[in-house]
Amino acid sequence: MSTETLLTPSAPDTATWKPRLVAFVCNWCTYTGADLAGTSRTEYPANVRIVRLPCSGRIDPHFIIRAFEQGADGVLVSGCHPGDCHYTAGNYHARRKFMVLHALAEFLGIEPERLQFSWVSAAEGRKWADVVSDVVAGLLRVGPVQPTWGGAGELPVRSLSEPPRPVPEPLDVVGELRATAQRWLSDCRVDVFVGYGQGSLPGRLRPAFITSPDEVDQLVWNEHAVNNLATYLTRGLVKRHGRVGLLVKSCDARAVVGLLQERQIEREQVTLLGVPCIGVEVDGALAPKCHTCDSAWPALVDEVLSAEVPLTPVDGEGLAAEIAWVEKMSPAQRRAWWQAQFDRCLRCYACRAVCPLCYCSQCIADQSRPQWVSKSSDGRGNLAWNLVRAFHLAGRCVGCGECTRVCPSNIRLDLLNAKLAQVVRDEFGYVAGGDPDLPPPLTTYLLEDHEEFIR
Amino acid sequence: MARIGVFICHCGENIARNVDVDRVAEAAAQIPGVAHAESYRYMCSDPGQRKIREAIVAQGLTGIVVAACSPHMHENTFQNAVEGAGLNRYLCEMANLREHCSWVHSDREEATSKALELIAIMVEKVKRNQPLAPIRVPMTKRALVIGGGIAGIQAALDIANAGRDVVLVEREPSIGGHMAQLSETFPTLDCSQCIMTPRMVEVKNHPRIQLYTYAEVEAVDGYVGNFTVTIRRRARSVDESKCTGCGACTQRCPQKKIASEFDAGMGQRPAIFIPFAQAVPNLPVIDRTRCTMFLKGKCGLCAKACPAGCIDYEQTDTLVTEEVGAIVMATGFDVQPPTLYPEYGSDPDIINGLQFERLLSASGPTAGEPRRPSNGEVPRSVVFVACAGSRDPARGVPYCSSICCMYTAKHALLYKHKVHDGQAYVFYMDIRAAGKNYDAFVHRVIAEEGAQYLRGRVSRIYRDGDQLVVRGADTLSGTALTIRADLVVLATAVTPRPGSDALAQKLSVPYDAFGFASEAHPKLRPVETNTAGVFLAGTCQAPRDIPDTVAQAGGCAAKVLALFSADQLEREPVVSRVNEATCVACFDCERVCPFHAPEHRELRNRAGDLLRVVSHINEGVCAGCGLCVVTCRSHSIDLAGFSDEQTFAEIGALAPF
Amino acid sequence: MSVAFYPGCSLHGTGNDYAQSAHAVCQRLGLDLTELEGWTCCGSTPAHNTSALLSVALSAQNLRLASDQQRDSLVVACAACFNRLRSARHEMAHDEVLRGRVEHVLEAPAPLDVRVDHLLELLLDTYGLDALAARVRRPLTGLKVACYYGCLLVRPPEVMAFDDAEHPTSMDRVLAACGAETVDWPGKTECCGANLSLSRSDIVVSLVDRLLDQAKRAGADVVAVACPLCQANLDVRQTDVTAQTGHRYDLPAVYFTQLVGLALGAGADELGLDKSFVDSRPTLAGWLS
Amino acid sequence: MSPTTYLADSAQAVLTAILAAGQRVVAPVEQAGLLAFAHVEQAEQAQLIGQTRASAKELAFPRTQRLFGYRFGNPGVELLPGEEPPAPTVLFGVRPCDAAGLAILDGVFGAEPADAPYLARRARITVVGLSCDQPQAHCACTAVGLSPTATDGSDLLLTPLAEGVLVEVLTARGAALVDLLGEALRPGAADKAEVTARAEAAMAPRALPAGLADGLAAAFGEAAWADAAARCLGCGTCAFVCPTCHCFDVVDESNLRGGQRLRVWDACQFGLFTLHASGHNPRADQAARYRQRALHKFSYYPRAHGRPMCVGCGRCVNACPAGMDIFEVAATAAAGQG
Amino acid sequence: MPTASDIASEAALAFRARIEHLSGQTVSSCYQCGKCTAGCPVASEMDTDPARVMRLVQLGARERVLRDEAIWLCASCETCVSRCPQACRLPRVMDALRAVAEQDGYARDNRGAALLNRLFLAQIRAFGRVHEMSLVAGFNLASRRPLRDVTKGPSMMRKGKLHLLPQRSANLPAVRRIFERVQELEGSET
């Protein structure tokens, strides 16, 4: 149900079409370099419109998304060469963000010609002219953006490269779980214990909040304990009780690390009870994240339940295989595939609600001045929302997979998250949810960070 | 309701030639929100500016777009004009029709339509501009100078003599730096120590200079006008208040054969030592890494020898905190050791220029007589090699060290003066003698003193019995040469002082790949840095000679004094601000900010209970880069002048009009 | 690890005493030194003088043979061949365009899976100095050796990555492990002019003259070499040196393998000591049983 | 007078006939591993067993709907029309619960002042219901006064029998559709009571207590809401899959040239839902928001309209990321009061 | 010496470009520090020292440099390479000059290295390996100095260091194919 609007220009007439290139440039190097191209009378195509910002570090990925929404055929991002930043390090930080954005765009099947990055110094008027000419030539090659919303070919939502696997018998820890919760509550070590209780539908578990030692019999544990309870650590209705005891699987514990890293919780306010976990069930099979999980034991805990853990070797590639499957498609196929996914998005924000790391008190998707993300639940707004969500989780997502589990429209958010986690791991050597003392990868940089994607 | 005025400049023919300015003016008047549009031949001229001012008043304009040249050219001009008409200067934006349009697009049709779009973009932006007021921050009129070489001494004295307090921090036990080590200076052959020592004493006795030697800057917090500096005073193991500098302790020390830093390894010193005779302060220090007492736990001879009882083995480092408003970085340089090239090997008779200075210095280990380190004999043949590490992108440093040509000429001359029948050979690549009287000096060395200048580099040096064999080339004649030498002096590359990169980080000053601190602008702001209130003097910024260093240090002093001339500091209001209502206190802003501008602010209710801690941007420190704005996921930070809303509006105007 | 020995043309000709002694040493140490089947000339200097592509392709052909024969490493004794083979591998690994061209010429993928090692590296890294010292039967105590590396083992450093290019010690360490005293001398990596040997023997004579002079003055009893071309120049040209300059040295130039073999207990004939022009046997008499 | 009931071979056969009559049809199809209402061209595309993940309301009340557009002039603004409603459509295979949901929406949007954009779309929809013979664990239609074969909101209702299918003509629009179908339908009648009984027997017992509306209203001030809502994460899943939820937000999106005014779905569980421009939020926490949801469905609406604003489809219970069950919460809250 | 117009001529620029292409070295980066000359073992034998050869290539002095004996004297010892501050691989430039000299007919009369190169490669082509005895004999004959080193041969033969008959590699066809393919490829490029 796409909305034809004034804001989304209709498909251009190919005969008269001229590419529209929006350039976001820093004030000190590239803008001045473009000035130099002017003073040197170096001619280049008139298709470019410059938006001047103080620093490449000020170039928000949202600006780029918005430019495309407003009908740009291509976006060029340009700043100072490494070492030249007027603000010392703006371009180094920007480089990391751009690296992620570049990978994300590629993964979504956006032609590389449409999103280009360059370093142009104040002395490189010639280079500016060359870069613009080159990018415009690239846009002429790929042609106008084809609006393909809706009607995208029906492709399978999941790769069949790894067949669903049965869930192993859950470990029997319930007795010790209840005893521990009881002890913590009796000793006033915690004011509320967050675990799992029986759900109202058969075979379902759901979060349970135990505030009295007498209630611990409500606690249960089995393969249906899917929820990442770390999400509740930042929730007012849970925090109101005081100190929180939390049952964590190894994936959940990684989210707690993220919250500590980002100072959303204080370590002493939270007592973690680790539960050895050998897999949970989603859609009647072993959850994809469990295929590649290499530890039944959470790393960050205060106490841990004891159990004999059978050796379950990590095998299969899990999401990596599916990422490879998506990447094997042609860019156009990939774009269509993602568009079909995003088209289904209802904007219910269940993905945001369950994510332990989406804790902002006011999400930018809810802001209207400026309006970061169109609220329209159509191609435009849905693309922007899903891009923003993925980008904000880059280097932070711990891969608990909750967003994908709860999506009422079966959108493969886990693939976006996992792809960016791959990029962050390969490019910045960082895996989220490990060491709470490390800075998140997009808040730091290395001089030697890769920049092959930058001209 | 916005009433925007658009003023289109012909710039003579510069814009009008390729852009149909009349058509643009006509079309610009149709842009929603535009109340007035006109074009004029020279908008920056007085009549042009008057047009703007008059229109503002007559039409009640709420924002101005001047479509003319680059804002880097005339933004200030038009901001002033707008202000003159009573409108806030930040309600003026420029559309760059010249550098970004008429000068680079020859198709008049294309250039004209692009010009109109550029104007539409700025109209959309200026509609959302907010009036901004300059930021004022208080000023501590006290300066910190880091480094007690000639640069630091000069800057400190200039500032202090102008009546401002100075804190001078020197890492070594004495101030003086490299200049105190030099024999004589080119091209006048003044005795370096003779001109340096009085300056050092003046520093010591100056009532406005607080001197910390054997001390390092540990941490720098705050911002221009309001720095808090933590200084680590390393333990001298000597009570400064009691010591008279008699030197009895140094004579009793059983360790006597430690390579002297001051003599660049050409002489020796004890474990408790005064670096050199004219040291300021003239106090000994114990080198704990070599002292028997510290290594083996017993000795104590110096304590026994000290008549004042001021040896204190228990002394510890102390931290002192100083509040200053400006900082001068003057950490100086080092020269590379003479062992860079394996093809030259390492031989006691191959030394670097600084070591040769000590051999030539009257106060040096040989009392000014050049002698071979290997056997103490006077060298009869000395080969000087310039560019021994400089201008070598492959294995040394790619830059020119700037001072070697001159000091090598001086070395050859001084050597010839001291060893009349000796032969001096100088291998060089180019002679860079651009200072006053420098070229004449070099020619004097070649023509009158008889130094043999050879244009080429040396490929190999090896020992053959008592002598060194130097294989070089003279490219002017196209021949390979083999010279037997008693001593080889390598003009090794000038590099920044080790640790100056770490200091630059503490000061938020960028530095280049070699560690030289970066100035704000190579031409127009050569002593400023991009961190307001931090200035650069001397060789920490690039290799340079003494006159340039002294001039630059004076420049720094002038900048510091100019800064101190106001009681408050005015800064551009392009700074970030936090929306405290939505800030979730992840403090990623703090992690990314190159200037340490984000602070933790506690929000309390009326009863004083702590509600939340949120981020707060210190406007005095914020440089306005916007990195925090982009990093903030909840977008609780925005940048005045380049706000998210302004930028989105610009993007919204990008669609064809 | 499976290795193949690449002898090169010289070791089948003028340098056969090098081959002989290398085999003798490896046999005594239990190191496999099976020759690469069907090896061909590396192309040497004339090939790279003529065409960079030809040069790399001729060497790559041998790497390909080694790869086809499932060898992990090609062990080379001749410094010149070693230089060509290792350079070819380096260039193919670092220059994609060249690699493509070579693959076109060879009609096969570039054989980058095979390492190229010098015999000295085999002794030092694979076998180990301690193990070698343990096998020494007749320590060369008292023998003063000037180790001569020449050019091609060590240069250019970023390609060869062999030891310290200006002050190499590999051979010194190997011979020291055999009990010999190695002298420090300036000629270690100076050029003997090998590839001018035929075309400009006059130049070679003056270079050899200088090397012998330096070695002699450093107190060497023998010069040890790791290259048949160096050996030929330093040994065979001594008469020419005397003829051209009047300097007479009588300084034997032997292969380091001959000295190692000696220490391991091999006999003069087994090591081919009879084959040099300046007879080393009188100098080495004390260690010949 | 045409007969009010017909018999046909199967629901599939009826669909085939509707398509053959050239009607545009939206029916449940399998998409990306779930059932969703989508345009079908062939009867085989339709998947007539099971419950769609989202309800059928989207066709009449789309996720995003342009109310009107505008273009800026200088001076003045030019107004542009809103969306063009889609072509007349047969909404086929709608479960009785979903059809009843449309009936509730008709009441809400049809009340004065009538909502023109909704009615324009609704007027072009003919609802062909399909009785439910395989209820799921979360089903609860009987608890809200409906049944697996209820007719509310349908123009035609198909009820599968042991053999063939019973077609009930319920409205004039339904009759008009029947007229197009020719021989696929045979006049005839059958009793669907047995079907109803069988389906009801298969359902999990769920019931709402008597006096729920008043009980909930009385429980408004209870602190227990905080405990009840603690696990609610505040997403919009329940509202967006609900056949009766109809809250929306109106947003303007514009640039220099002009813009549009959009109606987009909104959900009462979002924190933003009642956030005032001043920053004040009368429903400050999830407890207040969840209470609103329970009371709107089971207290305010029934008090005004005499029936719950719930058709018992159970989608919200099934889809909730955190396992919230509104029936359970409402019953407990009301009971706590009593 | 070339005049200013010669230096800027197309031919001069083309020559420099050709050498840069063949050698893969940026000849223009040479700033004449002379370290190559200083360390070169044969510089003293050259009329034009290595640094100056580089200079002549920079100037595009084709005739002069291709006729210069110096380019045949480089021993490829790589001493200059390991010490060059601009990391220039001068022997490759020398190789390129020799290849061009050979291609363009400047080496026809060369009785030294060029001749040896030709004979050497001919042997590889013939046998897959080099046969030292016939190489030496052939070289001496062709360079019209048949008696060079005449005393060495018999003694070497006695010592078993020279074989009368050449060895033939089992992979001779592969080697010949390499020669053909290289010629083909390079021929197609010029």
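Just so it is clear, A, B, C, D and E label the chains in written order, and each chain counts residues from 1 on its own.
As a working rule, a contact is a pair of C-beta atoms (placed from the backbone, for glycine too) under 8 Å apart; a residue touches a chain by one contact, two chains touch by 3 or more.
From a predicted model like this one, the values you see are computed outputs, not experimental measurements.
Colleague: Touching both chain B and chain E: give me those chains, sorted by label.
Modeller: A chain counts here if it touches both chain B and chain E, which gives C.
Colleague: Trace the shortest sequence of touching chains from chain D to chain E and report its length in steps.
Modeller: Graph distance in the chain contact network comes out at 2.
Colleague: What are the mutual neighbours of chain A and chain B in this structure?
Modeller: D
Colleague: Please find which chain has its CA centre nearest to the centre of all protein CA atoms in view.
Modeller: Chain nearest the centroid of all protein C-alpha atoms: A.
Colleague: Which pair, B-C or B-D, has more C-beta contacts?
Modeller: B-D
Colleague: Between chain B and chain D, tell me the centre distance in angstrom, where each centre is the average of that chain's C-alpha atoms.
Modeller: 70
Colleague: Please work out the Cα centroid separation of chain A and chain E, and write it as a whole number of Å.
Modeller: That pair's centroid distance is 60 Å.
Colleague: Let me have the rounded angstrom distance from the C-alpha centre of chain C over to the C-alpha centre of chain E, please.
Modeller: 23
Colleague: As a quick test, compute the distance in whole Å between the mean CA positions of chain A and chain D.
Modeller: Spacing between the chain centres: roughly 32 Å.
Colleague: Specify, in ascending order, the residues of chain C that touch 2 or more different other chains.
Modeller: In chain C, 165-166 touch at least two other chains.
Colleague: Which chain D residues touch at least two other chains?
Modeller: Where chain D meets two or more other chains at a single residue, that happens at 254-255, 257.
Colleague: Two or more other chains touching the same residue: where does that happen in chain B?
Modeller: 343, 581, 649, 652, 655
Colleague: Which chains touch which?
Modeller: All chain pairs meeting the touch criterion are A-B, A-D, B-C, B-D, B-E, C-E.
Colleague: Within their complex, state which residues of chain B touch chain A.
Modeller: Contact set of chain B toward chain A: 70-73, 96, 98-101, 103-107, 110-111, 114, 117-118, 121, 508-510, 512-513, 530-531, 574, 581-582, 584-588, 591-592, 594-595, 623-627, 629-631, 633-635, 639, 642, 644-645, 647-652, 654-656.
Colleague: Considering only the defined contacts, which chain B positions touch chain C in the complex?
Modeller: The contact residues of chain B facing chain C are 342-343, 345, 462-465, 469.
Colleague: Which stretch or stretches of chain B touch chain E in the complex?
Modeller: 341, 343, 387, 391-396, 429, 455-460, 471-475, 478-481
Colleague: Which positions of chain A touch chain D when the two form their complex?
Modeller: For this pair, the touching residues of chain A are 1, 3, 5-7, 70, 154, 157-158, 199-202, 204-209, 227, 231-232, 235-238, 240, 340-341, 344, 346-350, 352-354, 362, 366, 368, 371, 374-378, 381, 402, 405-406, 408-410.
Colleague: Enumerate the contact residues on chain C facing chain B in the complex.
Modeller: Residues 164-167, 186, 214, 217.
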